[in-house]
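Going in written order, the chains are labelled A, B, C, D, E, F, G and H, and every chain counts its residues from 1.
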Amino acid sequence: MEEMELVYKRPESLTPAHTHYCPGCTHGIIHRLIAEVLDELGVRERTIGIAPVGCSVLAYYYFNVDMAEAAHGRAPAMATGLKRVSPDKVVFTYQGDGDLAAIGTAEIIQAASRGELFTTIFVNNAVYGMTGGQMAPTTLPGQRTTSSPAGREVETAGWPIKVAELIAVLPGTAYVTRQAVLDIPTIRRAKKAIKLAFQTQLAGLGFSMVEIISTCPTNWHMDPKEALEWAKEHMLAYYPLGDTKVSDGVRALM
Amino acid sequence: MEEMELVYKRPESLTPAHTHYCPGCTHGIIHRLIAEVLDELGVRERTIGIAPVGCSVLAYYYFNVDMAEAAHGRAPAMATGLKRVSPDKVVFTYQGDGDLAAIGTAEIIQAASRGELFTTIFVNNAVYGMTGGQMAPTTLPGQRTTSSPAGREVETAGWPIKVAELIAVLPGTAYVTRQAVLDIPTIRRAKKAIKLAFQTQLAGLGFSMVEIISTCPTNWHMDPKEALEWAKEHMLAYYPLGDTKVSDGVRALM
Amino acid sequence: MQEEIIISGFGGQGALFAGQLLAYAAMDQGYHVTWIPSYGPEMRGGKARCTVVISDEEIGSPLVRRPSSAIVLNIPSMEAFEPAVKPGGVLVVNSSLVPQKSERDDIRVFYLPATDIATELGNVRLANVVCLGALVRATGILPLEAVKQALDKHLPERYRTLLALNNQALDRGAACVR
Amino acid sequence: MQEEIIISGFGGQGALFAGQLLAYAAMDQGYHVTWIPSYGPEMRGGKARCTVVISDEEIGSPLVRRPSSAIVLNIPSMEAFEPAVKPGGVLVVNSSLVPQKSERDDIRVFYLPATDIATELGNVRLANVVCLGALVRATGILPLEAVKQALDKHLPERYRTLLALNNQALDRGAACVR
Amino acid sequence: MAKGVVVIDEDRCKGCGLCVAFCPQQVLQLAEGRFNAKGYTPVTAANVEACTGCAACATICPDVVFTVYRQRRQAKAETPTV
Amino acid sequence: MAKGVVVIDEDRCKGCGLCVAFCPQQVLQLAEGRFNAKGYTPVTAANVEACTGCAACATICPDVVFTVYRQRRQAKAETPTV
Amino acid sequence: MAKELIEGNVAIAEAAIRAGLEAFYGYPITPQTEILEHLSWRMPQEGRVFLQAESEIASINMVYGAACAGVRVMTSSSSPGISLMQEGFSYIACSEVPAVVINVMRGGPGLGNVQPSQGDYFQAVKMAGHGDFHMIALAPASVQEAIDLVVLAFDLADRYRTIAMVVADGAIGQMMEPAELPPMRPVRRPEERPTWALTGAKGRKPNIITSLYLSAETLERVNLALQAKLRRIAAQETRWKEYRTEDAELLLVAFGTVGRICQTVVREARALGMRVGLLRPITLWPFPSTRLAALASRGRGILVVEMNAGQMVEDVRLAVEGCCPVQSYGRMGGVIPLPDEILPELKNM
Amino acid sequence: MAKELIEGNVAIAEAAIRAGLEAFYGYPITPQTEILEHLSWRMPQEGRVFLQAESEIASINMVYGAACAGVRVMTSSSSPGISLMQEGFSYIACSEVPAVVINVMRGGPGLGNVQPSQGDYFQAVKMAGHGDFHMIALAPASVQEAIDLVVLAFDLADRYRTIAMVVADGAIGQMMEPAELPPMRPVRRPEERPTWALTGAKGRKPNIITSLYLSAETLERVNLALQAKLRRIAAQETRWKEYRTEDAELLLVAFGTVGRICQTVVREARALGMRVGLLRPITLWPFPSTRLAALASRGRGILVVEMNAGQMVEDVRLAVEGCCPVQSYGRMGGVIPLPDEILPELKNM
């Protein structure tokens, strides 16, 4: 293949481990994007990740960086504690919607508000994946889950929380965006956003978060392709993609 | 005094108890306004209040209604549990800024997001009053407290949280407003807002919250009058007064 | 009398359902019975396995290390349970997916091309029921008829169209046991 | 030797400071000493009170129910501690604010118009130090000079301008004890 | 006769001075040298004739010390209001 | 010769079919009837000649199964990119 | 009602409904999520309150709120979630409102795993939060017993205005067994809510529910009353089961899943001619100390078997006070001790 | 360094700084807020990390995060706040990272009050969270001892990669006594952080810190290792103080503030000719059981005095196993038992 150039290879920031994710689960895509960004920024050896409780609980086996496993929802507190004593390190949390938008509400909001210098990758798949598909704070109105078997009723269960919009209100945030990994263009944009989020951290500009609209084929009871389409049609309608906060400093990086 | 008419008398919704508040503390004004509103709406006998942990922890001695004392920050969860099984009752929480905007962040945001049908009176005095004047999430930049003795540094402690703006982002909220009790006009407006908040609840329109800019003369080390003036000058500059969310249903009540 | 059965396979192979069916049948026959899955590590896919204990007295342990009989639906299950079956016990092997043979001479082993039989019957997911038919016949815990009645009584409404097929699967399995 | 002193008044009357001053003086004289406030119920205002124990051996309990001497700066303190002082003990009463008299004949009671004296000295908040002067003189726990030295050594920088006045207050208090 | 009358529940007063500062007619002052049951210098109506019954004092007072009456001018709703 | 080549790490594949759906040239298909070590039907490059090296497959694959090469056209940065 | 084959978690949920559960607040966690899932459709079906809370902290405080309103209310969780409820338990205990809590224990510490465990024994019986209090802790060993103890938990919680916790483990939660559900009791009507409850101060003085007592003397009085109540509960509500203890020289003590496993051990040991009996505490708190002491005085040794590092064994030792040797055998991390390993331990005594 | 008159809370804070504290995360709560307040200016002054967290849950998880980075880190709180940390403790214990926690106990249960108490003994020594673990619990009886035990806590936490909790009470926190602060130790330099710490996977494999072990067998192995470590700690780090036990017939057992009060009781009893001694546990866990058993075998009775309903008395009973009578005397709700009430109890024995 002398006349061939390498267009894609496995990033160094992933270990060789096979993931435990279900076939077609977008957690895998998001892992890869983060790893590519760490490679490109050349920060793998000084990156520390915090895994959540959720399907991605074993993320520490997959990222080729130092990692810790947080208690459910507390990754932002852990990242705060860690980053404050390791200001030269690149710190990120990886969190699901149950983890971040339910039990961990206080921790993410307060860390964002303080402008902690870490990056949060927030995987919104509208469901509690790991425990078998219960309603999440982000479950869509009418969506059936194992704990909203008649479909989410907003009168009793409330409206889904738009985290990117909520967090963006806080002055401590520098870069907040909602992206998706539902087809080639959204994946490409998601990667750019993840890169910008880490650059925001490296430049010390404030808290950065990328919310990523994802799928859970298993608990949505769909095949992976169908899940992507369902997400595009239904989730993007409620969760519009795009930046919700870009501070001046971040704009300068763009 | 036959030719005299009564212009002001102690509301029935207050007990005869003397409060433990410091001289000039605005908690007392806010208590009175709530009591007046309960009287005017004729709901005293079906009102249930939840007191916080904070200077107003003993509020249950002062309001002439059934009350419970919540764990620090958890009043909204308690109110949720209670209101759901007592839908015909009028339920309110009374919370300080440490209680609501620090330890209780998750509970208030989630209750608001679910559109729980209770009313929250949120007393923002920019400080932890009860424990002796530590920094609160709402402490102003540069403000000295016993835990920010050099003045709040936003680089490390973050920016103060504008709760009324944050909560207003959530679709479950029907009426969210920021008021003050710093002089006669602001007190009059605050009362109107409190009334509207309870009316919102009575009409079943969604979650209602009145943030009230208050003073803590003791921990601000000011005399009560000075404290009102300081609050007007400094707090209102950071925390603008006014409604941050008025749903259509609420507008119809106005 | 106490019979301890382990049924083991991949997720989706219906090991849990086969166990429940057996448990229902035993209950309806008046036996004490427990059914317990080895439930997942908060994690997708992987193995599915259950233990059924059937007894004429109150059941102590619902779990056993050494079953008196077992159904193994795939290779890892064969590896795990072939050595575990108690001497004198019964092992039913889905030979469609498990190529290896047992070397034990102190148990009775039945090799059924269960997945093939199920495919033949028109529904690959019936391999579990085929094996159950074999196990019930081989152990004689219950009359096969009891399992069929249990099917009739407990098969969820939405699967009732499959009733006849399930019965056939039981018979085909039982027929493999001579 | 072990002396247990309670100093009690309203918040703002300086009971805690007077106790600390005494504790410093005793420490500098080589005694074992403990100072413990009765700290507030997470609540504003109200009473301020401390217990100082001075001993020539290691101190067990830093708290006492029956002090060997006491300073009472206001009426509620008088009511609480007048009956509590041990027989043979000393009670110093701020008579400016406490109108009532002790009826005990087994203790020595000194009535000082401490608030008036302090006002005379130009600072009403020195009433506590006036009383301390009296207590030290009356009990003889320490030389008055030791308290003055402690003032000199431990008075916070920003209050140093008040040093002379504090010394005067001690003397005026001590002078009330004949 | 004054247009307004305030009744002061003296023992509730904490002497914070807010009513004194907010009374537009300078009716009120703290009773220097006197203490109430709580130990505070209570407020007193010094310049009673000037009172208009505007209830500003009652509005600002954190301790609900005041009851306020005003000369009836016209038929008005009975509900006390701040 | 094909413009692109994909190398498939077959044992990583979970047979989810996403790459098959997203390959613009219909190069890929699941190897029906075959199972990999994990027990899944793995993907295989059926129509290799059509591959353009566009890396869409690598972009969508959640399991990093693909390494992608493309015919060199001009000097380009070495950094692999998606 | 006939027996049906029913899963432990579902049985617990359904038993609660039959016992008059008016409101459930909970958060998913394996291995008890089926309780929440079952109630998510059954409660609305019965016109009652189901709410998935944002966390276990919110759950227990919602329970606290509803309990203040005088309704039958419950939450359920598993070990890490129970740890998060400790502050709430302490408040509820001091406020003396009734609440039922289910803990389907899993392997710990930390995130651990989701396998069955009894690692939270100490937490349940010694101190489920700061300050001095106990909650009634009921340990079922079968699906039927889980049903019965859930119903009992509601009754005891109401009777003593206390928390009653059903301490199960993953095996009980996930197991199916034939069991009979109790008949449906009517839910309390609004006007039947207790007089202390927060129902609006109409025609009476306001009711106050608090755990704050600023003066030490008052708080001590509150504590003394609480302790007296605990002694009353201990005197009246201690429960246990015995199996072949008539002539036992060796005594097994075990609870929950391990308790039933030890029943098998007793049978096997008896078959070998050993005089072995079993005491299975039903109430972990109050602990059947008196009965245990009596049995111990007749025996020559006790083996305590647990799915933890040895926790209940302390209560056994406290009960027997050295009057016979007490051994401990524990498995951890989700490993269930089986008869074939317990029997040799017994033989070694 | 000369002695100075110093408040317990301030002494604890300053001792931590001297011991090389690199980061403090905490939340205000009486009666320990002075620790946080002192550190709020002293830590920045020393160029170290101080952060007021949004809650105790955040505090303990920030501590967890910083501990993972291999620095000396601490939080402090009081009873209700400590209850909120239970999940965090369990995670930290299983992950085996070192952390220091201060609990300045107050009256409970619930919100209770802010007066001194020892109501969290069980919580500290039996189970500070779900699953099987213990933390080292150190109980100071004076300001000087508080200083010394804070320093020791850091050393033990590091040595055993465990949580070390200093269990004080409001009296210790609020009291002033002459005490000597230790010299300032340098803080660990970044390159001195332990090899297991998360410092970036540069030139080595990634370090992972977790408490998740999916298979029961693995988690059991982790637990067995943990238990072995706990036994090692028990063997090597049990500490206590004795006072006039040489010839004691009657033994007082008490810790912390009550421990020193009982020293007065011993003096007074001796003055009356009673042969009384005192054993004061310094480590509540590991508990000085062996020594206590030895003393008990020579005596005719033990009186355990606590500021709770009787918690440590269980450990005393477990230690002496009935070999002499054990009485319990407790005051609750913030009431401190004083010599004049303890002495009569002693006389009644």
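The rule we apply is simple: a contact is a pair of C-beta atoms (placed from the backbone, for glycine too) under 8 Å apart; a residue touches a chain by one contact, two chains touch by 3 or more.
Just so we're clear, the structure is a prediction, and the values are computed from it rather than from any experiment.
Q: Considering only chains that satisfy the touch condition with subunit C, which of them also satisfy it with subunit E?
A: Per touch definition, common to subunit C and subunit E: zero chains.
Q: By the contact definition above, name the pair with the higher C-beta contact count: B-H or A-F.
A: A-F
Q: Hey, which chain ends up farthest from subunit G, C-alpha centres compared?
A: Looking at centroid distances, E is the chain farthest away.
Q: Please flag the chain sitting at the greatest distance from subunit A, going by CA centroids.
A: The most distant chain relative to subunit A turns out to be D.
Q: Calculate how many whole Å lie between the centre of subunit C and the centre of subunit G, each centre taken as the average of the chain's C-alpha atoms.
A: 34
Q: Report the inter-centroid distance (CA atoms only) between subunit A and subunit D in whole Å.
A: 63
Q: Centroid of subunit E to centroid of subunit G, CA atoms only: how many Å?
A: 59
Q: When you check subunit B against every other chain, which residues touch at least two of them?
A: Residue numbers touching two or more other chains: 21-22, 25, 57, 69, 71, 102-103, 105-106, 110, 131, 137, 156-157.
Q: Residue numbers in subunit H touching 2 or more other chains?
A: Where subunit H meets two or more other chains at a single residue, that happens at 30, 51, 54-55, 57, 80, 87, 91, 95, 110-111, 113, 210-212, 214-215.
Q: Give the residues of subunit E that touch two or more other chains, as numbers and ranges in rising order.
A: none
Q: Show which residues of subunit B lie in contact with subunit E when the two form their complex.
A: 1, 3-11, 14, 18-19, 21-29, 32-33, 36, 40, 183-184, 187-188, 191, 217, 223-225, 228
Q: Given the complex with subunit D, which residues does subunit H contribute to the contact?
A: Residues of subunit H touching subunit D: 3, 5, 30-31, 113-114, 170-171, 174-178, 257, 260-265, 267, 336, 338-340.
Q: Could you list, by residue number, the parts of subunit H that touch subunit B in their complex?
A: 27-30, 33, 36-37, 40-41, 44, 51-52, 54-56, 80, 110-111
Q: Enumerate the contact residues on subunit H facing subunit G in the complex.
A: 57, 79-80, 82-84, 86-87, 90-95, 105, 107-113, 115, 117, 119-120, 122-123, 126-127, 129-133, 210-224, 226-227, 308-309, 311, 314, 317-318, 321-323, 331-335
Q: Please give the residue numbers of subunit E that touch subunit B in the complex, ascending.
A: Per the touch definition, subunit E meets subunit B at residues 4-5, 11-12, 14-18, 21-22, 38, 40, 53, 55-56, 58-64, 66-72, 76, 78-82.
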